[in-house]
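Order as written gives the chain letters A, B, C, D, E, F, G and H; numbering starts at 1 within each chain.
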Amino acid sequence: MRSSTPDIYEFARLDFDRDRRTGFGETVYGPGKTAGQLAEIFAAFRRKGRPVLATRVSAEQAAALAERLPDACYDPVSRTLASAWRTRRPVSRLDGTTAVLAAGTADLPVAEEAAKTVEFFGGRVERFYDVGIAGLHRLLGVIGKVRKADVVIAAAGMEGALPSVVAGLVSAPVIALPTSVGYGCGAGGVAAVLSMLSSCAEGVTVVNIDNGFGAAVAACRILRNRRA
Amino acid sequence: MRSSTPDIYEFARLDFDRDRRTGFGETVYGPGKTAGQLAEIFAAFRRKGRPVLATRVSAEQAAALAERLPDACYDPVSRTLASAWRTRRPVSRLDGTTAVLAAGTADLPVAEEAAKTVEFFGGRVERFYDVGIAGLHRLLGVIGKVRKADVVIAAAGMEGALPSVVAGLVSAPVIALPTSVGYGCGAGGVAAVLSMLSSCAEGVTVVNIDNGFGAAVAACRILRNRRA
Amino acid sequence: MRSSTPDIYEFARLDFDRDRRTGFGETVYGPGKTAGQLAEIFAAFRRKGRPVLATRVSAEQAAALAERLPDACYDPVSRTLASAWRTRRPVSRLDGTTAVLAAGTADLPVAEEAAKTVEFFGGRVERFYDVGIAGLHRLLGVIGKVRKADVVIAAAGMEGALPSVVAGLVSAPVIALPTSVGYGCGAGGVAAVLSMLSSCAEGVTVVNIDNGFGAAVAACRILRNRRA
Amino acid sequence: MRSSTPDIYEFARLDFDRDRRTGFGETVYGPGKTAGQLAEIFAAFRRKGRPVLATRVSAEQAAALAERLPDACYDPVSRTLASAWRTRRPVSRLDGTTAVLAAGTADLPVAEEAAKTVEFFGGRVERFYDVGIAGLHRLLGVIGKVRKADVVIAAAGMEGALPSVVAGLVSAPVIALPTSVGYGCGAGGVAAVLSMLSSCAEGVTVVNIDNGFGAAVAACRILRNRRA
Amino acid sequence: MRSSTPDIYEFARLDFDRDRRTGFGETVYGPGKTAGQLAEIFAAFRRKGRPVLATRVSAEQAAALAERLPDACYDPVSRTLASAWRTRRPVSRLDGTTAVLAAGTADLPVAEEAAKTVEFFGGRVERFYDVGIAGLHRLLGVIGKVRKADVVIAAAGMEGALPSVVAGLVSAPVIALPTSVGYGCGAGGVAAVLSMLSSCAEGVTVVNIDNGFGAAVAACRILRNRRA
Amino acid sequence: MRSSTPDIYEFARLDFDRDRRTGFGETVYGPGKTAGQLAEIFAAFRRKGRPVLATRVSAEQAAALAERLPDACYDPVSRTLASAWRTRRPVSRLDGTTAVLAAGTADLPVAEEAAKTVEFFGGRVERFYDVGIAGLHRLLGVIGKVRKADVVIAAAGMEGALPSVVAGLVSAPVIALPTSVGYGCGAGGVAAVLSMLSSCAEGVTVVNIDNGFGAAVAACRILRNRRA
Amino acid sequence: MRSSTPDIYEFARLDFDRDRRTGFGETVYGPGKTAGQLAEIFAAFRRKGRPVLATRVSAEQAAALAERLPDACYDPVSRTLASAWRTRRPVSRLDGTTAVLAAGTADLPVAEEAAKTVEFFGGRVERFYDVGIAGLHRLLGVIGKVRKADVVIAAAGMEGALPSVVAGLVSAPVIALPTSVGYGCGAGGVAAVLSMLSSCAEGVTVVNIDNGFGAAVAACRILRNRRA
Amino acid sequence: MRSSTPDIYEFARLDFDRDRRTGFGETVYGPGKTAGQLAEIFAAFRRKGRPVLATRVSAEQAAALAERLPDACYDPVSRTLASAWRTRRPVSRLDGTTAVLAAGTADLPVAEEAAKTVEFFGGRVERFYDVGIAGLHRLLGVIGKVRKADVVIAAAGMEGALPSVVAGLVSAPVIALPTSVGYGCGAGGVAAVLSMLSSCAEGVTVVNIDNGFGAAVAACRILRNRRA
């Protein structure tokens, strides 16, 4: 394998090309990082004039960062921390709209992590919250607007039925986003993720429990693709 | 415990009283019984002039019984075998209507086991089949009629969302009946039963997977209660 | 879907009609809400002269609310917070009695959540606590009274056998309420809920682990139905 | 480890001593053995004049053995095959009685495997079948006799509540024997074994699902102990 | 709810509109249907001059259909049965290419179900089979071509790592398709689906185990969206 | 059921008789009780001159009780609190010895809960700790003494192999006591309890994870039986 | 990625180099292949004069191959089919001995798959069968010989304790090989694999249930390494 | 068993011989031990002049030990505490190199526990961190160096694919080390361990989740073997 270095470099380069081509900002996973580490990472991106988003940043982390990162913006609901400085190059924009639905208010943090991430990557988001299927009139009241979206992210915990119902009513891609909202037999989101995977609605795809970030990236892959 | 016999007998008697009071027919669980055993059981009930219902009777069992039980009636969908002879005493009737809903055609055997059992116990049944939530218009097209029922049994496999949606649209008791229809992450009905137990709709109660008989008895307990 | 607005509105209206017709008070799920949010919700209901019940309210939440909600009543066992003000319209009453059984003292909080909820919705409750099946004489000592109830809610953790035994002794609907009391192989109520769903007693229906509120609503659906 | 041979032999010898001392017959596990292999094993024991019991022998295996083993006895319910020849030495007898209870008729094969094994090891068995807790009067009608037993084996599938109820009514050791009778959430005996392990009744011990043989050996260990 | 009929109809009509607008053919789920039922369904579509695809059609079903459906085409690998008659209206075509990858030869039936379904809906498919990650050079040998696809479906059983590796190498949407290929700890596809949901690669979405049809519909939702 | 009161009372009386006959002290489950409640319970037993044992008493509970219960004795390892006052009647004694084995030092609290409970009920205990099977010489070094016991309780976490090895070396009843010691795939004792139930050693019976109290009561049922 | 072809080829070449360097024969996974496909594969290897081994070949497959592959050798216990022709180049030999242990006779097929695979790859195997821990003297009787092996593969089903006991007695690498032998709580090998992973013996590594082939390859990786 | 003492002693002696022969230091499991207990253990080893390593030592434990153990060395990442005093006899050294790979930075503590343990036992370690498969170029960039190692330990959480990919690229033994890094469907490392056991790469063996110590001992067993 002595000669393997060149191809490896090439791979790295290609990967770099892809990053440059897409023009998307960088993202950081907050848990397990100290406030100091987060601050350093953000400072590095600020020096480069590049946008950066951290997810799952706790209120404690954010408080400790407040002084050191005056031009970053923390959202306590989605627990995201985003750079607010001027970026050197214009950020890529994604064509098309992502509808983010949440079944209940307890699903908001996960839905908002998805929404904020799509927006960070340059996508347009329409929010439809508290449209759980136990009160179907709420969903039916907004379904006309949801149908206009190019991608749908439907977040739900408990029995996780929202994406199945939505997928029967829209023709756009539907990304089911199970949340850990639930207890007993649905504790940690297990009922939600199983029911989403077992959905009788055709063409629903699923991400991990509470993975609002992943749902957003999946939506962006779809929208980015549209633009190409 | 030498003196315990009397109270025990009394218990037995009370139980017997309850049976006589309710006037319900007897039911037999088919699996594990030979055709000969089933035939003997049915013959005994015929001699007493009492109605009897066997559930989960296989087509093979039924075929082997056909000659010996000319006045019994086998339904291949619900796999129930019911006495068709004249009963000595009039069978109790249950006041009120039970709506039996099934999400997909694959859920029919379980839904029909429930429906046939309610009917055997003297209840009136309205069937609403193929009303799964992936095509919501089908459910909404019949919901007005479902709302008139006194009890609702909603059978679904896969993601099992039907009872949750129904419970948000009716005020009657809703018994969720998970079926073993499903595969992969929903194999054997596991996603359905978990999502029904985790339902965000208030007041849904659940029976075991494929337990159409149990759902029917629960409905009858409710209706019988009404009459009292 | 441009024309869908009217039917949606109609749905909302119908739903509203149902709410008005039933006359039941509103309920609020405590977890995840700040004391301030709870106080605002309660204040809104007080202004409308409507009754309201919050479930799963922690002692901390209640303490923080004590001053702001002098005419609300917190029960530390069931962890419910109920409005104690005069309601504008008389609250609907449910005909019939609900027997609430609890296997052990550790099951009391869940059983009481059920009992308090039934009472909030205008139902009459008879409590039978510490009647677990390991000391059968306790249950048999009260079974005569239990039999007079119109609906039975049987709460149990551990092996969860209480509803199965009870259902064999009464003819009323039996709602099995598994609690998270248990450890090891029964941790979190898993043995209880599985054994309740697998009950050999006919017609037992089951709600989620610790879902005293859901059991109560199911009982109320049954009783409300009786009245109709 | 060159010198390890002697002590190993000694171990073997001690083990052999224990076997000789206990005087119990040998047992053979049927599954995976051909009829020919079973016949050879039985022939070897016949030559030595020792008793032998095979468990889980299928009807097919037994049929194939019928001619070759005229002095063996096959029981189709428990699926045990026992030697019926005269043994050279008298078989050890166990003092005391084992009560074998079965909740339903479907639990009979497992209960009978336990009963037949206890009898093979020289123990006296009293059978109490169809005493499931859904019809409590059946159990209460025999509990006085059960209380006289020295060990109790309680077999149940479904929700597996029988041993918990029994253990509250007797002071003898209670061995809970879960059976694979059940479906859906209790499929394969999972609800039964979990509820038995989580029993709120004190001092219940549990064996593997369908392990009638193991329950019997545990009972024999207890009874053998008594005699010492 | 007397007045609910109109809006329901409207819903049905809208749904119908959506069907007509999309112009996609109909699909039928084979399991549980007799050859006669399948034949009737296909005949109905032939009369209407519309395309139809049946999935999970067994070789036995296909053999029984061969005579009655001379102008249908059965593929034994994907177990799909497709109409081969001339359709009245031209079938909609989907713009863009779907890359279908399969880790091992055992994953082919599921991958082919996906591929054939995409083709039935008018999409172009490029197949990359036997590119499992245990022999990485196979995947790297084709990754350049995979990168040109607009959507990627990556089917894998066992440890299910293929989609994670692929998602790090392409920017298109990646649909992870777990297969039931596996045994022991991975039996039935459980390791594959869990690892796909837990993927450290960003933006992977997952469908149910063996759900090639669902993965295909998800891909078509994405491609259809592109065209809009 | 109006007439059921007498038999019920009789049951209660019989139960009481059994308690009196056995002469065993009372036990109390500590968790969920305040120090005040525990103190009151102990005071009541002291007034009656009866022995009492509380299990799973935390160090915090014990500290709060220290002053109020000067003649009670807290053991921080087993977390048991036992009455140390003179009892009115002599406490029953159990004939025979119980060997309590523990695989590792982390299993000590559970093993000691078993040992202390057997001693409270008047049984003699021999302790063999740190005899896990990974260093077999430790077990073999004491097996001669273990063989002299009348009952064996073998506590182990992790892979839980100790009872299986022991049961092959002794003829006494072996009660397998899984502990929650373990992590990852054995977290909470799941590997231990499953391997104990699946033991290839004949006649091992199992109690719930960490249920030292239950194992002790099972041992006492066996020993009590011996005496009869 | 246009330029990626060269490096990819290089990867393939490197991989090929590794194959040639190791000199190991090829292996084929039998399930899912027709007898015809197997015959063709074997014929291809015969033409090249290279050794080949197929695993999990059913008796039916083997019977169908018998005529077409006269110089292949089928072993019905391990279900392996090995080439018996003269190989063009001498097959690599592995230095060192692999001890293959099996707890019970039911574990033999899996243990033999491991043994036959090691032998196919040129390793020397010593077999120690029926040395399960329930009769410890059997294992202790051979442990001196086991200690001389360079690698140990220990196969066990049920409670899977064998590798844990063995690892405490030898210093060589121990590969735990769980088998699917077991029922109830140990069905499919679940108890065995969990207890092996949770082993308190240090340095045990585990392969998938029934993966005798994988255990063998792991052993060969270790032995091959020795030689280097 | 009176005569069993000698052989037991012999076993103990043999075990002791093995310890002396291997010359490896002792290791201590930190959790559940007080700082005082750890300090005493370390003091005892210092008196004997022998090396000792404690694993899973919390920062709190370490802080409390700092003064009492001036010549011990705590590593906060791996949470290991190692003796730093001069050992009486030279510590055994292991021939060969162990490559320790970690997929992500969150896997570092577990990977470092493995690395530190190998080093404590006298082995040489090469670390390759942050080489997860989602960015394949990182792994490919170092694979040439990894191939030179004699044993590979590959730590990964989430979907756990790293060892599968690595095993296809190297010929040395690969020990898969799942970490508890993950959430939702991969919570606690469950997806990682299942996918590693189900790996399609041949000859991967697996240790328990987070068991860096066990992986290291397995590596040392392999390397020690090489030397023999």
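Just so it is clear, a residue touches a chain if its C-beta (ideal position, glycine included) is under 8 Å from a C-beta of that chain, and two chains touch if they have at least 3 such contacts.
Keep in mind that what you see is a predicted model, and the values were worked out from it rather than measured.
Where among E-H, B-D or G-H does the D-G interface show up again, with more than half of the contact pairs the same?
Equivalent chain pair to D-G in E-H, B-D or G-H: B-D.
If you tally contacting C-beta pairs, which pair wins, G-H or A-H?
G-H
Just the number, please: Cα centre separation of subunit B and subunit E in whole Å.
Between these chains, centre-to-centre, one finds 36 Å.
For subunit A and subunit E, what's the span in angstrom between their mean Cα positions?
Those two chain centres are 26 Å apart.
Express in whole angstrom the distance between the two chain centres, defined as the mean CA positions of subunit C and subunit D.
That pair's centroid distance is 45 Å.
Quick one: which residues in subunit A touch 2 or more of the other chains?
Those would be 1, 4, 7, 11, 14, 135-136, 184-186, 193, 197-199, 202, 208-209.
Any idea which subunit B residues touch subunit A in the complex?
Those residues of subunit B that touch subunit A are 103-104, 132-136, 158-161, 164-165, 167-169, 182, 184-186, 190-202.
Would you tell me which residues of subunit C are touching subunit A in their complex?
1-2, 4-5, 7-9, 11-12, 14-15, 32, 178, 180, 188-189, 193, 208-211
Taking the complex as given, what residues does subunit H use to touch subunit G?
18, 22, 150-151, 171-175, 193, 197-199, 202-209, 213-215, 217-218, 220-222, 224-226, 228
Give every residue of subunit H touching subunit A within the complex, in rising order.
105-106, 135-137, 140-141, 143-144, 147, 183-187
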